[in-house]
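First, the structure itself, so that you have it in front of you.
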Amino acid sequence: MEKKTIVTGVIGADVHAVGNKILAFALDQAGFNVVNLGVMVSQEEFIAAAIETNADAILVSSLYGHGEIDCNGLREKCNEAGLKDIPLLAGGNIVVGKQEFSEVEKRFIAMGFTKVYPPGTQIETTIADLNEILGIK
Amino acid sequence: MEKKTIVTGVIGADVHAVGNKILAFALDQAGFNVVNLGVMVSQEEFIAAAIETNADAILVSSLYGHGEIDCNGLREKCNEAGLKDIPLLAGGNIVVGKQEFSEVEKRFIAMGFTKVYPPGTQIETTIADLNEILGIK
Amino acid sequence: MEVKNIKLSDDKFFAERKEILEHWPTGKGVDFNSAVEYQKSIPQEKRFGDKLQMAKKEGITLIQPRAGVALYDEHIKLLQYLETEGEADLLPTTVDSYTRLNRYTEAQTGIEKSKESGRSMLNGFPIVNYGVDICRTVTSALKSPVQVRHGTPDARLLTEISIAGGFTSYEGGGISYNIPYSKNHSLEKTIAHWQYADRLIGLYEEAGVSINREPFGPLTGTLVAPCISNSVAVIESLLAATQGVKDITVGYGQCGNLIQDVAAIKSLTEVTREYLDKFGFTDVKVTTVFHQWMGGFPQDESKAFAVISWGAAAAVLAKATKVIVKTPHEAMGVPTKEANAAGLRATKQLTSMLKDQSFTNIPAVIMESDIIKQEMKCILDKVEELGKGDYALGTIAAFQAGIIDIPFAPSKFNAGKVMPARDNTGAVRLLEVGNIPFSEDLKVFHRQKLEERAAYEKRTVSFQMVIDDVYAIGKGFLVGRPNSTK
Amino acid sequence: MEVKNIKLSDDKFFAERKEILEHWPTGKGVDFNSAVEYQKSIPQEKRFGDKLQMAKKEGITLIQPRAGVALYDEHIKLLQYLETEGEADLLPTTVDSYTRLNRYTEAQTGIEKSKESGRSMLNGFPIVNYGVDICRTVTSALKSPVQVRHGTPDARLLTEISIAGGFTSYEGGGISYNIPYSKNHSLEKTIAHWQYADRLIGLYEEAGVSINREPFGPLTGTLVAPCISNSVAVIESLLAATQGVKDITVGYGQCGNLIQDVAAIKSLTEVTREYLDKFGFTDVKVTTVFHQWMGGFPQDESKAFAVISWGAAAAVLAKATKVIVKTPHEAMGVPTKEANAAGLRATKQLTSMLKDQSFTNIPAVIMESDIIKQEMKCILDKVEELGKGDYALGTIAAFQAGIIDIPFAPSKFNAGKVMPARDNTGAVRLLEVGNIPFSEDLKVFHRQKLEERAAYEKRTVSFQMVIDDVYAIGKGFLVGRPNSTK
């Protein structure tokens, strides 16, 4: 079977690099074609990379708390750029402070994200979900 | 001025001796005539000692959690024995578990106690209150 | 009544047994043979002693809470919660204070009142009132081994029901469950009562069922110098082994100075082994238990977490086989199950995080451990001398003479002359040696250590130091300094 | 652009200054002379450096949180709360991430959005947007000294406004606020920017106002071997001292093995002093800061308390001058004020409880400290060589060559060849030394330490160990063992 391509990176002015490095490594190990943009990635860079590599999903990390501001509008920009139904996943510590996750989830789904993940999400969960979303068994 | 006499002890089947020893020492230092009955003191022993020494107040400690059962009826027995208005003070960890203290207080006041104290009451507070209750300035 | 440290004869034991089982109606439910059979049906991973041996072999420290409530279904739920949410490795059943004093009628009132009010009116689980079957319902509902923890001077009936009820470990001893827990019980009596309990466990051993036994290490929990509690632990181990006990966990209550705490566990392990061997009990297994700080706690829960964590760290660095865990509610009252589990999880984090670090062989620990051993030798030699080789007689005489003397103990059979205080680094020393037969060197050592502190604090060595030290941890300190040197 | 480690000339500095103060409208509010006057009016007990010196003299460890929110009145309330309910000795003002990247327009949006939504939409306090007067409102509302903590590669305007705004201590450095905090900033630029910041503080010193400066010790906070962060600290101290800074606090992020942690602080203190003296900066004061574990935390709050407490204990036993405190919310997000105060109170309990215990002179610590010193010497000698005696040039060359190489750093100017992993006792060693110029002996030492672990875990030394170690503390362990050896 052909490898699925995933664009990953840490959005905005966020420099938390550890989780990104490990996530990229694990996705690679799990058989994905990983395009890792590293930290401090703008919405534009995510989209450009996804187009260029014909990606199957964009996996956005945000750790530092500004995730809500930084992710706002990403779906719209994807649509404009012709990435109409591309799965958008977000995870990390995506909002400021310890908040009720179901509320956070609602806000991100409303912003057009396919799925959002709370702090401490295991790599196994991420991979399993990606497999499901991309129809890999 | 004449020394006031205080009967102290730990009521019931309670063996917590440390606070009792230190309390007795501190009351003595503060100028009271202390009749310390030690640990595992029955209601009857408190009353007998108070009568015998013509005490001005009874200071009941209870640490182990059974204080509510153990203190029940003490006021009535005092009344019967002719210690009609003797001040009854209780302190320590007088109920089982961490409970809203205002509730505990209500129950003890209803049982006829003059004053009750929450866990961690400072010796200074005890002495100041005793002075007030006994009209020492 | 004279009590000697010899194995109880079957005649004596069974005559006494007949009587004991009639103390309360539930005694009738005890049958030795079927109890042995029941115990043998308990799978190995649920046997306390086996789990301890495994931990000892792996060099890890297991965690165990205290817990007990009046109603048995609530008690089961509580223990299950501590097992799942608290990640407890070992479970307890803490017995209420009425049962501890054989006041079963009052315990019954407590059960009834608890049913009425919907909250536990007892500070523990009344094992005797419930009897064998309900105990089996409790112990079989859990995945981990369960131990009975109490404080009962006369625990004969309690022991019978507990072991028949499926508990695989049992705390207590004729000294450690008398002097800190009682006012009027004579040592003659309690040592005899505990010979009974130990002999019963010896009989189980002989029938092929091994029950773990644990003398109560911390005693009054308040500034007990290691040499005192360690000496009591060694004596109770010998008394238990004499009756046929084969699996012993000796304990110590944290004092707070890391070097002293690690040294206390080290000397405790080594000297217990030495004495058991010396008297031919080479087949008795020895493990250790470290109690997180047993004295007054800070009221604030965050601060309590810090004290708990420091206790957890010390236990692991000392390589204790298990650690008994306090809760953030300690200063307030019997904890909720949530608070209990919180203390456990904090402890678990450190028992696993620090398991690969050990302080047992650093020079400062070895030095301090040697001092504790010297002190213990002074005490134990004198006990042996007074008893003319008999540790039961020797112990009784030793308490009478103040050779063993437990600070702050409520018992009238305790001399109460010894006064402990912390030295300038927080280690517990003796300000007043009383009649503890220390060598001159050791006396000078203790005195010097306290003079060092006095000089630093610019005050004289006095009882005020003791008082300050009793409050210190509750107020956020270890050494109770005067305000001027805080 | 070439940057040399020499004191900036007044011409150069003031020309640059003119430009900087125009970066954002609030720059106009800065006036050096009135700022000096304002700083001189701050009472001694509110001066950061003075409080640190007092602590150093008394041998105690002060506690300091991280904290910052978008709205200034909320920020004041937050800090007051941490002072009273958290018992903080020293206060912070943590700056938001937009400000750190000089994105003042976005920070302004954050302020507005926070006003609208009623909750802080910024992860810190936007000092530049608020300007001098509001900063003075903040710093004067508090009883304790306040420090600016950030992570800003180009902090020139931020420094101007902060010091004029009454802050008496300032964190950062050209390396430590670049490599872990940035992707594209060159070291030439950030070192130059921080020469500006340090020169500004030098000017305050010359005007009679002493500002405490703190290089950011923990770097990426994740398995940074002590020799790496210590070397950076020494270099940043030299760079700062060259610009006239006179009061430096060098830092280290806890790794988790107590011996290594104490040794790290010991070697850090001694080598920093040695190098400052060597280059003639004998009048520069040196204190230390210990950061509680800076990597991934456990989600569970009780477990987080345990990690916090262990960090507090290590800080005190190492005799660090202050400790930076984590909170039970660490794994989740920016803490509430209650969670922040809870972490502080837990830490306070141990900084006061353990203040009379020290591990700085035990043999194992001295041995480990000697190793760190040897490692630092290898690195620092090479930096000096590459820079032909100039530590600015040397540092830039050293990063290029991977002589200094910070694990997990996001910067493209970091070689990223080094891979750290824990040895069998949890001490951080180097699995992949990269181009760090260790002697053969040291290389063998690191390799042996990791082979020891590999043998114990019955697997080969590999990157999987690194991954396992990154997760370990979050999962309750220190060493990331494979499931088979857990």
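Per-chain numbering from 1; labels A, B, C and D assigned in written order.
Basically, a contact is a pair of C-beta atoms (placed from the backbone, for glycine too) under 8 Å apart; a residue touches a chain by one contact, two chains touch by 3 or more.
The structure displayed is predicted, hence computed values, not measured ones.
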* Structure fact -> The distance between the C-alpha centres of chain A and chain D, rounded to whole Å, is 30
* Structure fact -> chain B and chain D have mean C-alpha positions lying a whole-number Å distance apart equal to 54
* Where the centres are mean C-alpha positions, what is the separation of chain A from chain B, in Å? -> 65
* Asked: At which residue positions does chain D touch at least two other chains?
  -> none
* Residue numbers in chain B touching 2 or more other chains? -> none
* To do: Using the contact definition from the top, classify how the chains connect: line, ring, star, complete or other.
  => line
* Can you name every pair of chains that touch? -> A-D, B-C, C-D
* Can you check the complex and tell me which residues of chain C touch chain D? => 256-259, 298, 300-303, 305-310, 312-313, 317, 341-350, 352-354, 356-357, 362-364, 424-426, 473, 476-479
* chain D-touching residues of chain A, taken from the complex the two chains share -> 12-15, 17-18, 21-22, 25-26, 38-40, 64-66, 68-69, 93, 95-99, 119-120
* Asked: For chain C, which residues are in contact with chain B within the complex?
  -> 97-98, 100-101, 103, 106, 109-110, 113, 119-123, 151, 180-184, 220, 222, 295-296, 299, 329, 331-336, 339, 408-410, 463, 467, 470, 474
